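Each of the next two complexes has chain A plus one more chain, namely chain B in the first and chain C in the second.
Showing the complex of A and B:
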């Protein structure tokens, strides 16, 4: 093999550069900062419509379900397992408690690179005040 | 069994006829059309609206109903007719009832502005052509609904509707809404919209926003299947017009002239 020395050095440099982001992260020990979620403050807003674990994992499915029940079946009231009643509405109910959408929904979604298009139509009232 | 080719073809033909018989029966049944619809009356609800044009014309350039509707539903005011979005709007009588031959009726109404809406047809052509069922007729009350989540913006429904009741969002409507009402979502670029008979307000036990806003009480809303409803009474006591009845769409907005 001709120039094997040069080739091997070239390959080593290539691998080092190619994997740089991975081992840099490992050695520097810095990950992207965890999202710092702001929760509802009011006493009567201390419980979500389901448990926090369930909501973390399944709120997107719940919202799709609400959407279909409201728009296609024309029903609008949701009762929690504890018997509390809510209107099935993203703006009026979810954001009614999680009124700081930017520090809650958006924080988490940005961290996870999720970009729901719902807000093209659904209104975030806190944005309106800034207008 | 001894089946000749001839026999087989005959049997196949008979079978095919049987399969399609249901369809043809329906076509012929249309002759007895009035009987079937009248016999259906009494089951469930059938929302409809009566527009008393005489009362409406008391204040000719009034826009109370339009404003109320458009504020409730975040309908943008785009400002040019090419892109405009409308749930309620007004046209000259002559254009609204272009099939009316009666010249004397036309004489005094000719260029009067008449309010028009989605007709919530009993036989809605928009529903037939929608490829995603983003628009459909609710069996329980006859409202022709919109599911904005499903609309893909193909605009077949706009072509199918003989009344021009549907508008397309050629652009993001938000910059054209003066005060966004957070109680109702806006729409986005690329979807179709129209009147929903205030389906949300009805669910809350209220009258449609336009009916509530009309000071002249020219708009009356109610259940056609209820013999004692005000709409039925008005239709019994007055002669009424519907838009383009010859098309067979069975519009559910009635005009008293």
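Showing the complex of A and C:
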């Protein structure tokens, strides 16, 4: 092998970069804490506007849709497939049940580095009470 | 034929993953075993290839330069295009690796009416290549939000930069658009130019289609079909920390994406994608143009047997002396 010094340095850099996730996981301390969501306790808050599976995957689409309907069309009532009516409002409806942002929204968002810009305008009601 | 082969290969791979996960429920095979095997192929294959290449001697500096080489002090030399120092070579390599300097010089010959042969610069290839490679790098780096815990600071930085336009929700990433546009261009470029189509092989089409498949499955997952990304991260962290877990109900689109990435990794060392390592080993790029300043000895030169005059004189001293020839040593 010619220029073995340079070749070996190159290979070591390549391996170090490619295996970054592994050695980073082992050197960064404890294993990943899984999101631990706190769900609403009250009986009348057991039912969401959609199924949990749908909400887990597509809540951002729903919120985006609600925002457009409320802001652009002025409609505020949402009827679920079961016929139940909800006000299209993140602060009142969503956060009405899921009142603790830190133990609900932030759990997954922080785990996956999602930074939704909801909070650029909306306030976290639990934060208001503390002040 | 080459295109047909590549396209059918991709379709078969997609069907394999969909049937394997949906019908046969081989989540562990597609989620754990195949990725590990693919990574092993990738790492060992690349190291093998690079060492194999490094075994070829480079007896002479191949100086395909695009600038004035260093000669007389009053002739201005081009320090980056024809470097004669290590620093200059590093500069040239950076330009090559990061900005594809030599692709920027790409020209094309076209037969216009007349008939007239016209040469011109052709920078679309360079532009699409640059767009694709940088978008791909940023997308891979963005994926570290799944691979690492805690998430490194470059991930939110790249996400904010990439989602700068704040279009839609989940926010549209500029690189997602760029990679699809660039790959589509690179693919159709081969189809619409008859000359290119003539010498395009399956190994040209297949990587492009595979990368397009990876990009599109990722985009579908993010914006349309949706998967449970908390489980995805659980699985990714499990894979990288050698404690594989297969959470329930991630969704077939994820397995398809992962399988196509695995195929890419396993195929990588055998493909033209090895230009990723090859670019660092290009003799025309990584050797200083100092042929006229330094002596470079061919490493495979056989030792030449020399018979010096002194040895010659020693051998024939008596005979030379007898016939009266002048001698350097008496």
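FYI, the second predicted complex is superposed on the first by the 102 of 131 C-alpha atoms of A that agree within 3 Å, B and C clash if a C-alpha of one lies under 4 Å from a C-alpha of the other, contacts with A are read in each partner's own complex, and residues count from 1 in each chain.
Quick note on the criterion: a contact is a pair of C-beta atoms (placed from the backbone, for glycine too) under 8 Å apart; a residue touches a chain by one contact, two chains touch by 3 or more.
Worth saying up front: this structure is predicted, and the values here are computed from it rather than measured.
J.: Considering only the touch criterion stated at the top, classify A:24 as touching first (chain B), second (chain C), both, or neither.
T.: In the superposition, A:24 touches chain C alone.
J.: Counting only touches as set out at the top, which of chain B and chain C does A:4 meet: first, second, both, neither?
T.: second
J.: Looking at A:121 after the superposition, I want to know if it touches chain B, chain C, both of them or none. Which is it: first, second, both, neither?
T.: Only chain B is touched by A:121; chain C is not.
J.: Of the two partner chains, chain B (first) and chain C (second), which one does A:72 touch, if any: first, second, both, or neither?
T.: It touches chain B, and chain C stays clear.
J.: For chain A, which residues belong to both interfaces, chain B and chain C?
T.: 117
J.: Touching chain A in the complex: which residues of chain B?
T.: 138, 140, 145, 147-149, 172, 180-183, 185-189, 199-200, 203
J.: Which residues of chain A touch chain B in their complex?
T.: 67, 71-72, 74, 76, 91-92, 117, 120-123, 125, 128
J.: Which chain C residues qualify as touching chain A in the complex?
T.: For chain C paired with chain A, touching residues are 42-43, 46-47, 50-51, 54-58, 144-152, 155-156, 159-160, 166, 168-170, 226-230, 233-234, 236-237, 240-242, 249, 277, 280, 299.
J.: Which chain A residues qualify as touching chain C in the complex?
T.: Interface residues on chain A, with respect to chain C: 1-4, 7, 10-11, 14-15, 18, 20-22, 24-26, 28, 31-35, 53, 56-58, 60-61, 63-64, 108, 111-113, 115-117.
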